[in-house]
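Each of the next two complexes has chain A plus one more chain, namely chain B in the first and chain C in the second.
Let's turn to the complex of A and B:
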């Protein structure tokens, strides 16, 4: 009885906070999604098409390669995010405040660049003739010209690196904030019980920020499968050495705007939506993100 | 990394020069028509903007709304997007469009876009005679003339006269002589190059001139793609050792690395097959080859077969079938393509080789006087204009990305061109089918 009453009070209290965003969510989020769902199951003349658009785009020769690219990219990127973001945040949290603030700032800087601008910087970084890291490109990738740096096999890793470099700083700050919510007496109690810094980091802190990690993974997973800007810009800058349908989102874009196939493009968009939702459901149920306090 | 528009684009090479200067210089003459009046909307790229402005200035009776856009260069799909939008809303179409993408008129002429007006019978027939036959053929889709090329981009052989003289080499006239010279250069003067294979359009420079049928529209919506044809394989076999020995590197002239290695400071370009728009802009501008060295020779031919050549672009003008003011729209295209005010000499108003013959003659006369060249390049360019092989059709899908991803990436990795032809054929066939073509592989 008590619980339901407090619950009922929360909604009107929260409403003013979400209200400014609500119209935008409806106009730019929900309405286009419904429109995409409608386009995906209809023909160009508006008649019912069933799953035709889905099977047609699945049979497209670019569909499977694009999903393979995205799969490798997302796995590499999410793996890097998990390990390095959490690892760095834990390391920083153990440092003295001033040191940790400096590092947090340094990690965050690349994230201040807008997505496209960050990619343009990487165009220079990946060109052995001008890159400050030219020796790395030569020794690790065996690349003496830009075209060799962006060889097809390197691409998922390069895009993952760009995305990590621009996005990780923000998440490190978020994770650091999460670590700060852990009551200091918990840590102290663990120390008195004889736990070393590793045990504290992995057995105490890590489980307590699990929900934040899940949150990061859900957002990043959706973002990763919808990769567009990086391959698109590198494709233009390399005069076509990267396919213009490298990622699934690019394929949808090409279908819509080169081949005037909005219905096919919508079908791919719905595929991506489903994958994003599925990923979210798995992560939510596995991590207990929305579970009330145990 | 230089982020220039680089797909086909003759003219985007040239910076948009001071418009006012150009206006003053060119305000004499101009094919002004009495009939044209009313208002039109014209979409142009930055390079064509001075021409549009000059038209506005010299034609006060016509109210011109000039809109600049990216010109669809560099693989952009701006026009596809816009035309779909206009078709959906049923209004807003511009009257005249310029595109940097030579294949744009092909999809513009067909459903679902259905945008281009048939210029046959609308554009003065007496003027049409001034366009070379291959140019008109390229603009003809299903029997309808759907565009007019603003400039031609026929391929010639660029020659570094100074270096050739210094090394005591004779300018080759056939691909065989060229390849033999390449083998010699690799031995006697390693580091020097006789061409390059790293462009998104290199297949237009090396496979098109040998009549390789990988983009041949044989019937409406039917394209012949046979990369196993002898006209493709023999050229690839000829090129393989040259790419391997480094005299035809798989690099692009538009990369900083290329300018550094082969450009003016090192001056390592001996020969280079390239389109007319390379001329002073690429060699003098991008690559900084000093004045008094380069000139153009006739395109190479295969042994003693009849000479044919390739083409790289040649941006077209398209008139909308939705236009309410055909007279003014045609008058504008007439002015932009045939008037002396625009086309008589190389410069900001006319950076590329004019497609309309009578003004091209004047333009070449002026180009020949340019002291940048070691010898007048005009005669070779003029001869090449009529030699473009007509069996390479423009299609609705872009073929350069396929060439780049399936072939250039492999050449960069050290593989042989001959081995990539099957993948090229497959990539092109897949894209053609996805674009709704029936594909013939024989």
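Let's turn to the complex of A and C:
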């Protein structure tokens, strides 16, 4: 009965199931992107502005420092991810299964505290009066009070550490999963050929998960440039020590909220959107990690 | 042999140092509310105080701004659960339709979904704010729930699941048996979706619960805040880190133990979801979501 009815109406198979999703994709994915683009190239009165908003925000005295901040932060974070996530995944791969599973779980736990909670925890960890790592703060940062811990020069490193703390465990799980797809015979053959654990890890395993490392780095780069929560919360706690336009996204936010300069805010949002879009397009078209075809 | 032992020792040492780095802050947070503000400074960081202190910290926290903390937790539950419910209702059928359907625009929808999924969610927050602002929807709880409900990763997970785990012969058989498209979905495809429902629930709920940027930007009334924004609000009103607040701490009774308790309670729902799903996740379901 139903089959005949459907055939009679010529509804393409599958389409009705996708329809409820489309308004969401359009309203919260495509439309905001187009609207931000439109705002970025127009003036308050809606007239064409060309690249004026982009050059104007670029010339803003807060733009370059904010951009430098997120660049240093992102580079430090990516370096830590590349060295430690890959290193720890290689260390854990090939260990007794139960030991390895326990460590993977321990490393993964801080992921549950992502965002605002992680920042508050690390504010405590950075406060020499209560921190269990007070000796490290004193020896490494020379900090004996909280304000010294969050000195401006330390911030990119602190934010990179918080991001690493919450996110590294998830990536270790992903890398470990990728390492598990390497056929055991390959490792066995290398071992028979006389390769030691180091040679196997760096010459055999590492090249085989190269794609996943690239994926992690591109994704994290795009994410890193979006930094907002961490500096925003630290700014609340910093006694005015940390600027409220520390990161580029914060600057866009301030332009929109304090100065009602929506066109300028849109221009910066578009700058950052383009970085994210570019990263996403590279991953989707080049990596072959995701499928959009049968 | 000696070198091998040395290598093993180095390996264990590295793993231990990182385990301490990842776990010590969590342990500290769990123990902090058991101590008084003064004891936090004077006693050993990992010592246990008393349950009496926890109760006292809770009383102070709960009294803050007329039970505002409870309000924030309730808000977060409402936002996260309703958005996750909408996400599930949209993404399971959509993933099914995209995997087994044949219609014009299918490839375009899939590619757009993938691109938005990989783009950082934060990159769309200001554009969404600008759009909602133009539509005068700022300050409504729907300006949090509806954008949360748009979760392309959920669509992709459901799509991959149906494209790889369900043999199309099974669905063809249902059709031959006289089931229409809708009945085939409801009787055959939907009951098989359990694993992917769990996966989408996990990722969507955790992402919504932890989201700070969007609610921070689109909500103005502190009674509407989710807990993430609430925490930053709480932080700004205590002198624990910000001496500028001065006497404010005395009047609101929010000191370090209260702040630690507020943070700890804020992560409990996500921690529960994490523990329930850790076996599946750590086993590498994450990696399985992707073509290898």
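Convention: the second predicted complex is superposed on the first by the 248 of 294 C-alpha atoms of A that agree within 3 Å, B and C clash if a C-alpha of one lies under 4 Å from a C-alpha of the other, contacts with A are read in each partner's own complex, and residues count from 1 in each chain.
Definition applied: contacts are C-beta pairs under 8 Å (C-beta built on N, C-alpha and C of every residue); 3 or more make two chains touch, one makes a residue touch a chain.
Worth saying up front: this structure is predicted, and the values here are computed from it rather than measured.
Quick check on the superposed pair: does A:63 touch chain B, chain C, both, or neither? Answer first, second, both or neither.
After superposing on A, A:63 lies clear of both chain B and chain C.
Applying the document's definition of touch, where does A:130 land relative to chain B and chain C: first, second, both, or neither?
Both partners, chain B and chain C.
Using the superposition on chain A described above, determine whether A:73 touches chain B (first), chain C (second), both, or neither.
neither
Which partner chains sit in contact with A:21 here, chain B, chain C, both or neither? Use first/second/both/neither.
It touches chain C, and chain B stays clear.
After lining up the shared chain so the two structures overlap, which partner does A:146 touch, if you call chain B first and chain C second: first, second, both or neither?
Both chain B and chain C are touched by A:146.
Quick one: chain B or chain C, who's touching more of chain A?
Of chain B and chain C, more residues of chain A lie in contact with C.
Look at A:54 in the shared chain and tell me whether it touches chain B only, chain C only, both, or neither; answer first, second, both or neither.
Neither: A:54 stays clear of chain B and chain C.
Output check: A:159 vs chain B and chain C. Expected answer is one of first, second, both, neither. What do you get?
Neither: A:159 stays clear of chain B and chain C.
Output check: A:259 vs chain B and chain C. Expected answer is one of first, second, both, neither. What do you get?
first
Is there a shared patch on chain A that both chain B and chain C touch, and which residues make it up?
Overlap of chain B and chain C footprints on chain A: residues 120, 123-124, 127, 129-130, 146, 236-240.
Please output the residues of chain B touching chain A within their complex, sorted ascending.
Spelled out, the residues of chain B in touch with chain A are 1, 3, 6-7, 74-75, 77, 80-81, 84, 112-113, 198-200, 250-252, 254-257, 260, 397-398, 400-401, 403-405, 408-409, 412-413, 430, 434-435.
For the complex, give me every residue of chain A touching chain C.
By the definition above, chain A touches chain C via 1-3, 5-6, 11-18, 20-22, 24-25, 27-33, 35-36, 39, 84, 87-88, 91-92, 101, 103-117, 120-125, 127, 129-133, 146, 165, 168-170, 173-174, 176-178, 180-181, 197, 219, 222-223, 225-226, 228-229, 232-233, 236-240, 249, 252-253, 256, 262, 265-266, 268-269, 272-273, 275-277, 279-281, 283-284, 288-294.
What residues of chain A sit close enough to touch chain B in their complex?
44, 60-62, 120, 123-124, 127-130, 145-148, 151-152, 235-244, 254, 257-260
Any idea which chain C residues touch chain A in the complex?
Chain C residues touching chain A: 7, 11, 14-15, 18-19, 21-26, 28-29, 32, 40-41, 45-46, 89-91, 93-94, 96-104, 106-107, 109-120, 122-124, 126-131, 133-134, 146-147, 149-150, 152, 155-156, 160, 163, 175, 178-183, 185, 206, 210-213, 216-217, 227-229, 231-232, 235-236, 241-244, 256, 259-260, 263, 266-267, 270-271, 273-274, 278, 281-282, 284, 286-288, 290-292.
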